[in-house]
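Structures are listed in the sections that come next.
The two complexes that follow have chain A in common; it is paired with chain B in the first and with chain C in the second.
What follows is the complex of A and B.
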């Protein structure tokens, strides 16, 4: 299942003195099995883009399509179709947890869709498993007794119980500690690789996205200015620097060594890859 | 000075304390960073600093006033400004400017002074051009900036930031850190910052690490940050630069491990060629 945006623009409070254009002329496609990171400065349109993708914000100018089918979020049938495919995880999703027990929180969506008790149960078990929340250990726990990282994974499990094919996450790492984020990231990778769920996450934390998402989209003042593989950032390094984009420590190191005449065959995405590239260069230069 | 004496705190109905036997003096003019895993007690500690929560045992004194003394509470809260991570919970007006003015208005300041403080605070967070906007239509990072401006407009003696920069992009974060540093250096405001991001903690005078409600270590960034393995054991993400160094060392090329800045790292690596 692919999701296409064609020339999308969106204006908040349109027609009032306060109107503010949040997106202008954005085109992109989210394809089967994609793992995309969307980044940009505060107010660049990241969250707005996610909300348009999930059918939450409309009307907009431009076209939104699921495969070949045009989606009009103003029409209930069309919107329902989109909502079955796309799951949206808001910023701080755990603040929207309202059930007492973990099981009921996750079962809320499937129950509302009118599934049988056994189908609901199956979906809850599967969603908990996807988010690394063991059924025996967690299903009867009180939601408020969970740690922040667990609460966030619970909130995401509640969305996975709706079995989306595309999962959109807005700042999924905000407020999580290192271990909490690593645990969540590992589950997202699992969903993507093993279950074929497309992941689109928005973050202002470029370093995290570069290391975890194969594809990076960069927004600036509501415009899409880059859509590229994260494993080829050396090719667009000049562009990033022109934009005044903050480089990660890995990028900065590679750039500084290149200025000293080093050559890098590939673009290292993570601290580990950067270290390996440096070691490799040192070893080769000694031979 | 904010002085914590044998502070223990239990949330109602909980058997285990969220904080246990904490004794700590936060000096005037200090830049203190508090690190630790989620659930280690950092946010609870922040809420005890201005009497939002009261100690179950022990006491908290702000410039000699006990937070448990209801008569002093309003004065204490003027001195200790507290900011949380989710700005949604902290904005109350439907106009940015009004939101920032809310605190100073409640202090009963005259209109000219309120105006000055609102303008200054919005300038500190680079949000002057949004003064007429509705907070509801701002981005997460912009909302955080407005919340920060609102607290700065109160001119607190102690500024407590509980992951208050978590949603601001790197450039915005650097700008706000500069504003906070200048408040700290030029106006002597003490900064108490809770964060997961060691980048934000680089210039701290002291770093307190909490673990399971207790003070695990008190040190300086220079002492704490290079210890890659010990940081991981405390559940903390090392600086990216330390991560690179640790991995290079693991590959058998032994760089100095106490390096925290890029110039030095480049220099060190070039020794090996």
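What follows is the complex of A and C.
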């Protein structure tokens, strides 16, 4: 299932003195099995783009297509189809939790869809399993007794129980400690690889996205300026510098070392990879 | 919600009306509203509307925004006019089955329409040109004498101030959570009543929890900055009346007196 955006534009409070253009002329596609990270400064249109992708906000101009079918704002049917296929995890999704027990919270979605008791049960088990929340251990616990990382995984499990094919996440790491984020990232990788769910996440944290998403999209003032593989950032380093993009500390290091004549075979995506690349270069040059 | 004007929105502009002391704006609006209520003749009502239109023009806010601010009330206005038109007994003009339109009904509806329209424009003008902060500061100053009788004016105004400040945020939050639950298949418009109420809980419970949490944080933040009520508290911007403030109040008062003189002679 692929999602296409063509020349999407969006303006908030249009026609009032508070008019603000959030997106202008954005085109992109989300394909099967993609793992995409969208980043940009504050006010670059990241969250708006995510809401457009999920069919919650309707673009003022441009086209939104699911495979070959154009999604029409007037047609409730196609909009519902889009919402069934795309699951959106808002920023701080644990704020939506309202049931007392973990089981009921996750069952809310499938129950709304009108599934039978056994089907609901099956979906809840599967969603909990996907998010690493053991059914026996967690299903009867009170939601507010969970840790913040667990709460976030619970909120995401509640979305997964809808069985979306594309999962959108707005700042999934916000407010989580390192361990909480690593645990979540591991589950997302599992969903992407084993279950074939496309993952799209938005974050202002460029380093984090670079290290965790194979594909990176950069937004600047509502415009899409780059859509490329994160494992080849050395190839478009010049472009990033040209755009005045703020590099991560390890990218900066690699850039400076290259100016001194160092050679890197691949583009290191995280500080750890950078360290290994440096070690590797020193070893090779000694021989 | 994002594409419309929020009720009670302030539009910054540099105009005579904006520069008015909020107290004189409140008093002026109250007096003009009184004049609208007391006016008995259509000529008077038209004259007040004309005056209000002039005030609107000096506010430099575009007519489109005045219209947007008025829009949510138009339906209720139309309904009130319709009821007034159909329910007033008198000399029949048109009869159509059970619907009777009378001369008196038409007159009453016209008069009511003019008055309500003027009142709505006045109320909108006040909120469009006054920041909530200025508004509550004016209320606090105006009600200060009541403090002598033990009324906690400052505290009440602070409560009002904080509530006003957080209405947009609360709406935004409720909207975000509504959207989130929509994504989990919660349809708030369809289904049986009981199910709909249950699903509404999916929005109400999180919003309540968030606001209680926020209230606690604000209280702590205020206390940690040494806030302890009205005692010994001064204002950064003291309210000061200027010449034009008095002109505005006298003008409104004059309007009120003019209308009072003819009161009782009309219907």
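Note that in this section the second predicted complex is superposed on the first by the 284 of 287 C-alpha atoms of A that agree within 3 Å, B and C clash if a C-alpha of one lies under 4 Å from a C-alpha of the other, contacts with A are read in each partner's own complex, and residues count from 1 in each chain.
We adopt the following convention: contacts are C-beta pairs under 8 Å (C-beta built on N, C-alpha and C of every residue); 3 or more make two chains touch, one makes a residue touch a chain.
Predicted model, so just to flag it, every value in this text is computed and none were measured.
In the model built by aligning both structures on chain A, chain B clashes with chain C. In the superposition on chain A, A:159 contacts chain C only, with no contact to chain B. Taking chain B and chain C in turn and counting the residues of chain A each one touches, the greater count comes from B. In the superposed pair of complexes, A:96 makes contact with chain C only, with no contact to chain B.
In the overlay built on the shared chain, the residue A:12 is in contact with chain B and with chain C. Shared-chain residue A:206: touches chain B; no touch with chain C.
In the superposition on chain A, A:81 makes contact with neither chain B nor chain C. Stretch 222-230 of chain C is the one among 96-104, 222-230 or 240-248 that clashes with chain B after the shared chain A is superposed. Counting contacts by the rule stated earlier, residues 12-13, 95 of chain A appear in both its interface with chain B and its interface with chain C. Residues of chain C touching chain A in their complex: 2-5, 11, 64-65, 68, 176-177, 179-187, 199, 201-202, 205-206, 210. Those residues of chain B lying in contact with chain A across their complex are 36-39, 85-86, 88, 132-134, 137-142, 145, 163, 166-172, 174, 196, 232, 235-237, 239-241, 243-248, 250-253, 262, 265-266, 269-270, 272-273. Looking at the complex, you find that chain A touches chain C at residues 12-17, 51, 54, 56-57, 83, 87-88, 90, 93, 95-98, 108-110, 112-113, 158-159, 162.
Chain A contributes residues 12-13, 18, 20, 40-44, 46-47, 91-92, 95, 147-149, 171, 174-180, 204-207, 244, 246, 248-250, 252-253, 256-257, 260, 271-272, 274-276, 278-279, 282, 285-286 to its touches with chain B in the complex.
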